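Working notes, beginning with the structure itself.
To keep things simple, chains are lettered A, B, C, D and E as they appear, and every chain counts its residues starting from 1.
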Amino acid sequence: MTQELVFLAFASLIAICSMMVILSRNAVVSAIFLVGDLFCLAGLYASMEAHFVAAIQVLVYAGAIVVLFMFVIMLLNLGPDQRKHLEVSAPEIGVLGLTIVGFLVIGGLLLLGQPTGVTGPLTAEAIDNAGGNTYTVGMVLFTKYLWPFELASMLILLAIIAAIVIAKKEHIKDGDKRRLAHG
Amino acid sequence: MVSIDHYLVLATFMFLCGTLGVLFRRNLLMVLMSIELMLNAVNLVFVSGSRLLGNLDGQVMVFFIITVAACEAGVGLAMVIALFRRYGTVDTNFLRVLRG
Amino acid sequence: MNFNIPSLTAEFYLTTSPVLILCFGALVAMLAGVSRRLGGELVIYSVLLLSLVGALAAAVAASPGVETAYLSGSYLAGVLSRFGQVLILLVSLIVTLLFKATFLRDRFFRGEIASLFLMVITGMLITVASEDLVTLFVGLELSSIGLYALVGYLNPSRRSQEGAIKYFVLGSFAAALLLFGFALLYVSTGSLRLTEVSQAVPKLLGHNWVKLGVVFSLAGISFKLALAPFHLWAPDAYESAPTGLTALMATTVKAMVIILAARFFAGSLASVYEVWLPALMFVAAISMILGNIMALVQSSLKRMLAYSSIAHSGYMAIAICASSANSGSLPVAAVLYYLVGYTIVSLGAFSILMWLENKDNDNLLLDDISGLSKTHPWAAFGLAVCMFSFAGMPPTVGFIGKFFVFNSALINHLTGLVLIGVIGSSISLFYYLRVIVRMYMADPIQLPTQLAPKPSLLVAVVIGATVIANLALGTVLPEAAMKWMVETSKEVAAAPGSAEDSQSVSH
Amino acid sequence: MEFINSHILSITTFVPLLTAIAVLLSPALSIARWVSMGGSIVAFLASLHIWFYFDAQTAGLQFTEMHEWIPSFGIRYIMGVDGLNLLLIMLTTFLTPLILLSVWHLDDKKQKAFLSLFMTLECGMLGSLVAFDLVFFYVFWEAMLIPMYFIIGLWGGKNRIYATTKFIIYTFVGSLLMLAAMIVLYVLHFQQTGVYTTNLLDLYGTSAEYSTQMWLFAAFALAFAIKVPMFPFHTWLPDAHTEAPTSGSVILAGVLLKLGTYGLVRFAIPLFPQATATFAPVMVALGVIGIIYGALTAWMQKDAKKMVAYSSVSHLGFVVIGSVAVISGGAALSAEALTGAVYQQINHGISTGALFFLVGCIYDRRHTRMLADFGGIAKVMPWFAVMLIVATLSSVGLPGTGGFVGEFLILLGTFLSSPLAGATAALGVLLGAVYMLTLCRKILFGPLENEENKTLEDLTPREFAYLTPLAILAVVMGVFPNLFLDKVRPSIENLANNFRNYKIVAEAPLESNQLLGADHKEMGH
Amino acid sequence: MLFWLILFFPLLGAFLNGLVLRKASPTVSHVLGAAALVAAFIYALITYLQFMGAGGQAQVITGIDWIDAGTFKAPFNFILDRLSGMMLLIITGIGSLIHIYAGGYMHEEKATYRFFSYLNLFVFMMLLLVLGDNLLVMFIGWEGVGLCSYLLIGYWYEDDKNAAAGMKAFLVNRIGDIGFLLGIFLTFKYFHTISFSQLKDMILTAGANLNGEQLQAIGWITLALFVGACGKSAQMPLYVWLPDAMAGPTPVSALIHAATMVTAGIYMMTRLNFLFYLAPDTQMVVASVGAITALFAATIALVQYDIKKVLAYSTVSQLGYMVLGCGVGAYSAGVFHLFTHACFKALLFLGAGSVIVAMHHKQDMREMGGLRKFMPVTHFVMLIGVLAIIGFPGLSGFFSKDEILWRAWTGGDSYHIQWGLGALAAVCTSFYMVRLLMLTFYGKNRSDHHTQEHLHETSVVMWGPLVVLAILSAGVGYLNVPHILPFPAHLLFENYLEPVISIPPLVADHWHHLHAEYPHSLEWAIMGVSVIGMAVSSIFAISMYSDGFGKLAQSLGSVFKSGHRVLSNKYYVDEFYDAYFVTPLRDIAQFLWKIVDVVIIDGIVNGVGQACMLIGGLSSFRMSGSLHRHGMVMIVGIVCMLSVLFF
């Protein structure tokens, strides 16, 4: 029962926050709702006994990524969106409807599917016995997923270099004038 | 008992929100945040799946997804800054040169 | 609870050496780039060449003849991986060489760019040699994120910046879709390893999670392969990127994803083709139609080639479709042949464009090549060969490739797709011919910017080699090449042997 | 000798290609001319060798040559000659030197490229005539389009780009469908025998379900119908002809179109006999419509070349109906009509080739082809008049010229097959005379009023040199048709009587047959 | 072998004149051309005499194979029998005379190599036509003579009218030729041979064994062949080319359009008489067409002013008689008329040609008159010719025409109408021929001063042949004198042709019944009617035109104004054809080209291309540009994939 209540609380918060993220006019507000979203998710993870993931969710996601967002928002000093209405054309409204209906159908289809009954050895008890979630995740990460883990370091390095390359102040030429005229 | 279905539906809803954000928000920062939302929906599926299935691959995957999300956010925000430097705005409507 | 702690043997380092060499090269390039003295063009150039050649040699030499999975499928060494890695490395090497001859040389041969470039290649090598969705995803992102940056900021301009942002946003969006698919597959099968997925899936036939997972995965893969309707990034990215990178994207990314798709659909999910076949047929058909039709109205050559590459992805997807149950390795061999042909022809076409471009005009329009046969007869000739090959006219490799693809499709009764392919090819001939018409049958237009006068020796050699390879694969070599492809593709169907069993120790 | 006999077809086919390369490499145009002429004459001599050593007693395939090409797919390099392609090979090698002669005087910068393309084209045509492997054939069939495309596109008239694009795309569409049908046939053959092969001789035995056959036949027939071109698919032809240079028109009308009818006879009919019997009325109807339609539209043309172009539509309608004249309730083809069709292909090549040459002669002098610009030319160009009248008469099928023999046999056979079709097609004989005589009259006769025409020079020796052989041949073929028919008779009778289960055997056993069979199955199956 | 030389000489002449000696003077051309014919005539004569000496049995001369395809065989075989032998003599004989004459007629031309080349070629083709042993060799000649006719009519091609006339002749003939071709096809389909001799054997020996299908086929065969004959022999409704063909030089008119080529139809029907006998319906058609043509053309000739046009319509009319003869089964009578007509019509044409030369190529009779004084020889031979054609008793036309009319009357009750038409035509014939004679040679000269000064008799080259022809015209009639007339030898010609005319056993009874004896009085009566009609109309004509266009002529003309107008416009047949056949055809052709070809077919072809471009433009416009649009397209794609997969 507790679990249901926890889920209900977090799920409704997540739903509200998610909606607010995309609906709020101000990017700062969106970012704050995103943080809320991430915290609630972390709560859900914790309720599923995925402690390690819950922790890095808070540390990395909320603590680093969203902060980065906030930082950029502040840096750019963006005000709220000036548009009164969403500027959408008729086909775009069609797509909007189609997307919503599509995902309703997807949700329905997912509900129709039942768990396949595949179970692995790492049930909650097994994990507890083995030394807890973080320990086991670590073991999996450094045995089975050693290779991608090492590569992830390359990925981060790449991202750093890429960010430097991109954000480096450089004279940007106008490019192809003829092409601009075409556009 | 909270079943996997609940998590899936919640994830789908988040994913939908993220999708709509990508499709309809003209602010590039909002678009990036929406993508984060989508990735989080995926994470939710993975974690709930991991619990359901009794293996930890899903949680490991979440770890990698968070890494990638961080990288993407870094690169994306760098692009936002570059864009802003050039146009003084982060509105995607200005990205209209390439077409046809 | 037992965990297999992998013992990283010499054999492992040897087999993964292409990746390691490239990583090392990337680090060296990055560090060299920091220093003013060491960061010269020549040093970076040598680092690039050395690491690429080294990786190439390693890839050729180190791969075992039998497909072996290391680290529970994270690294898959075998003939198909070697094929993909060699192809990617060769193309990268050629692109590097070509960059040396273009006006972008001083930009390209800088430490940070070179290390990005090498890491992109690394990502591709990882992806083609992996059957583990986690590694695969990391590899994909490694190559994608690097490309986002390179496309936009190797030679920054308003155009390339816009292209990069679009490419980045859509790429991330597609990555999310792909991940959603992976997640659903994981939820239904309980594994992130393709061989295990393929073992689990036949029991789950008709399960909605699997189907949805496949649909979303397919969407992500289609995006990378630029299959319509997930293709719209391609024209923007191709057009805005420096041409050398366009060549890289058009060929290596395609090669990477085709091999991935072959593993995914023709390998793991072949037995449950009902799940993905209709959807893949749909995207293949749409790609062939839309790609060709939209290419008709393009005025920029690179943009036209982008749409054409969409259509070509469609043709390759036909062969993937054909690899449904019991069709064996022939369709995969056909798609690999097509891929090689397409790679050669694209390289040829893009290298000619690279020759002709210069600082003031890095996006050639049809008008620019008007009367090219009079000013640059050899460029015109080479481009004409490429165009006929793209269109699938004999005696070029384009024809043989198309023949093999149609052949494998018709063996599997995909008549409708072949008909659409035929219609698409017919349409495509028109825009390919338009290039030839402009080059040969129109007079030069007086332009504000001049085309580069003469190719450097390197470019000429590359173009000559592609033309010769093109014609040779269209006339005398198909048999030999096809035999090789068949050998290569045999692995797709078979489950790989595991290297862990013998090498792991118990915890 | 042994070597020559066993490689004569390769020699004939590839000497032009080598010549094309040599032409490109030759340092000066004057040398290039001689090289190309030499190459084309060597090809002609080689084909004469075939002609003289051809065994007219057998319907089998002669001078066969076979090498493996893509054995994993059962695709081979197979060449051979029988009665159905012998004459066309001769026509091709015979016309080429004449055409080269007709462009001897041209000396613009691109001329070397022209000669090279032209020799490549000859290689393509010969290759598709002698190939006996579907894919091998297809390679030549398509590759041939490229040089023709450039010939029209680079040396054509004002609207050349439209014309040449239309030409190539039209043909390409049909060809691709044919390619698909070829592969389906190949798969069917595999399912029946377990052997992957595109060897035509093996595929003749493949039986397909009726409905499949219909589709396959339709695809093949469409490709060939476009090439021929048959009635509703003909509109590329007038454009291509009008825009093409004289030499291009001659080879287009002379040989290229024949490949369509040749393809019908060689591939579509014997491969899909049941479908042939079913489709025959449709083909005949379209052929007859083409005959009359082509004639009527030709009559209305104001441009001499366009008129000749439309006349091709009409004339090839005859060849088509001759090829599919089924008799005895679909059990056999009319041997008479088939003979006529094979013969008429050659006649049309000769007479229409001559007509295009002649139109070219006056175009060279006046730079116009509008009928209204001429009149009374016979007075200043009497020899031109003689040649034009001979060509016209051959074209309208006057007895004593080759055209008559062909048309008569076709009409006879068609009449035996379907009196109504025969009688209607016979109207084409009348309408043919209507427009051809109109052409003659408007160019040759009437008052010589235009000042520019009064100073026209009669045929030059060079023009004589390439027109006379055609004129002589037109008459010889009319008076001594048996010279030619004797060679082709066994093949034609074999096809006509046995098209329901057609077989040709290779006179010399095809080598490397051991590769047929089991080891291809491993191709992933 | 002599036989081959007959064919060879004209061909050689044509070749030398046409291709080798193009720079030669007119004299050389003339001598060469005429010599070739004379040589051919000599060899023909020798061959003929040998042939008759050997008993006159038909023989087949085997030549090389020609066409050999499937079961179809058409060798170059030739048949020499009494019919072809006779034709051989007529063609080479009269041909020689005309060739000789032509030298005089064409002496003003600078280069006549073309003329004599065509003329020789014509003779060669005509010989092929009559000698061929199968329908196809005959067809070579059949079309070959048409070609020469085309070339010769358009000989003076610089006048567009002449070229047009030549073309018209060729095309109208081709309509007939299609009929001929269909006849060949049918013959081969039902009898598997097209050889005359084999066909004849088959029909005659098969006797009553011919099955119904074959008999029915014979009906169609003969009808189809008759269409061919209509074209070549200028019968209704295909006669229209012949009057126009007078645009050619007059010797051509004499040789081709009077003596030889136009009789090919009659020759062919006679050659195949055994088939026509088996097709009574066709015979009825043949006879009717012949009779109607005879009268129809004769009425037109009544009011023509062009001397050659009168003769042209007269030729059509006379050909009608011959066809009538064939139609009533009197093939020998038809052929006999062919023979006599060849003589006198050649004579008349050549005479007219002399007049035309003398008149400086003016052909309008209204400008002639009184030429008797200037051209006595010409006048005399023309007189004989006219008398012969109008059937003046004792001259050749009398015998031949009378025989046809008599056989028409006795051909059965149903043929009385045809007889009536023929008799009426005879009346007309005498009127217009006498009118021609009167207007040309009698009365005052109406030409202008300049012409009058130069009027003189022609050279001996021209009048020599005329005299020979005049003698023939007067004399040959006696070869076939009817029984009722007192003469030592009756019906020589009919007996001569007896072996050729072979009534198949199946219908023999019917024909023997018809040939049962008729009372002599009837025959006298028939003959009397003709002679009286001839006399009356001649006298009427003499009185009308004794001095040019007298009052009588003018008042008649004004009384029957509309009739006159119709006649002088030739019943508006040309206009009718133009309005109802040529123009609609032209409109259809224009429609096919301008609408069907350019708009519809090409429109579809180009439309597909343009539609692709349009779709491409639209979709690239709608889809691309905005980042969000790209994403939307992707989502739509996913939805589509889902629906493909799930629904």
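Here is the rule we use: a residue touches a chain if its C-beta (ideal position, glycine included) is under 8 Å from a C-beta of that chain, and two chains touch if they have at least 3 such contacts.
Computed from a predicted model, the values in this text were never measured in an experiment.
Enquirer: What are the chains that chain B and chain C both touch?
Expert: A, E
Enquirer: So which chain is farthest from chain D, going by the mean of the CA atoms in each chain?
Expert: A
Enquirer: If you count the contact pairs for each chain pair, which pair has the most?
Expert: Result of the pairwise contact count: A-B comes out on top.
Enquirer: Quick check for the class: compute each chain's Cα centroid; which one is farthest from the centroid of chain E?
Expert: The chain lying farthest from chain E is A.
Enquirer: Select the chain whose centre, defined as the mean of its C-alpha atoms, is least distant from the mean of all protein C-alpha atoms.
Expert: It is chain D that sits nearest the middle.
Enquirer: Centre to centre, by mean C-alpha position, how many angstrom separate chain A and chain D?
Expert: Measuring from centre to centre gives 67 Å for this pair.
Enquirer: Once you find the CA centre of chain A and the CA centre of chain B, what distance in Å lies between them?
Expert: Spacing between the chain centres: roughly 4 Å.
Enquirer: Using mean CA coordinates as chain centres, what's the chain B-chain D distance in Å?
Expert: 64
Enquirer: For chain A versus chain C, what separation do you get between their C-alpha means, in angstrom?
Expert: One centre to the other, that is 29 Å.
Enquirer: What residues in chain B touch two or more of the other chains?
Expert: Within chain B, residues 4, 8, 15, 18-19, 22-24, 26, 31-32, 48, 52-53, 55, 57, 60, 64, 68, 71-72, 75, 79, 82, 86, 92, 95-100 contact more than one other chain.
Enquirer: In chain E, what residues contact two or more other chains?
Expert: In chain E, residues 609, 620, 624, 627-628, 631-632, 635-636, 638, 642, 646 touch at least two other chains, as defined above.
Enquirer: In chain D, which residues are in touch with two or more of the other chains?
Expert: Residues 169 of chain D each touch two or more of the other chains.
Enquirer: Every touching chain pair, please?
Expert: Every touching chain pair, ordered by label, is A-B, A-C, A-E, B-C, B-E, C-D, C-E, D-E.
Enquirer: List the residues on chain C that touch chain B in their complex, please.
Expert: 133-134, 137-138, 141, 145, 148-149, 152-153, 156, 158-159, 161-166, 168-169, 172-173, 175-176, 179-180, 182-184, 186-187, 190-192, 235-236, 239-240, 297-300, 303
Enquirer: Which positions of chain A touch chain B when the two form their complex?
Expert: 3-4, 7, 11, 14-15, 18-19, 21-22, 27, 30-31, 34, 37-38, 41, 44-45, 48-50, 52-53, 56-57, 60-61, 64-66, 68-69, 72-73, 75-76, 78, 81, 83, 86-88, 92, 95-96, 99-100, 103, 106-107, 110-111, 115, 118-124, 126-127, 133, 136-137, 140-141, 144-145, 148, 152, 155-156, 158-160, 162-164, 166-167, 169, 172, 179-180, 182-183
Enquirer: Where on chain C does chain A make contact in their complex?
Expert: 1, 3-6, 16, 23, 26, 30, 70-72, 74-75, 112-113, 115-116, 119, 122, 126, 132, 134-135, 138-139, 141-142, 145-146, 148-149, 152-153, 156-161, 164, 184, 188-190, 200, 203-204, 207-209, 211-212, 299-300, 361-363, 365, 507
Enquirer: Spell out the residues on chain B that touch chain C in their complex, using ranges where they run on.
Expert: It comes out as residues 4, 8, 11, 15, 18, 22, 28, 31-32, 35, 38-39, 41-42, 45-46, 48-49, 52-53, 55, 57-58, 60-61, 64-65, 68, 71-72, 75-76, 79, 82-83, 86, 92, 95, 97-98, 100.
Enquirer: For the complex, give me every residue of chain E touching chain A.
Expert: 622, 628, 632, 635-636, 638-639, 642, 646
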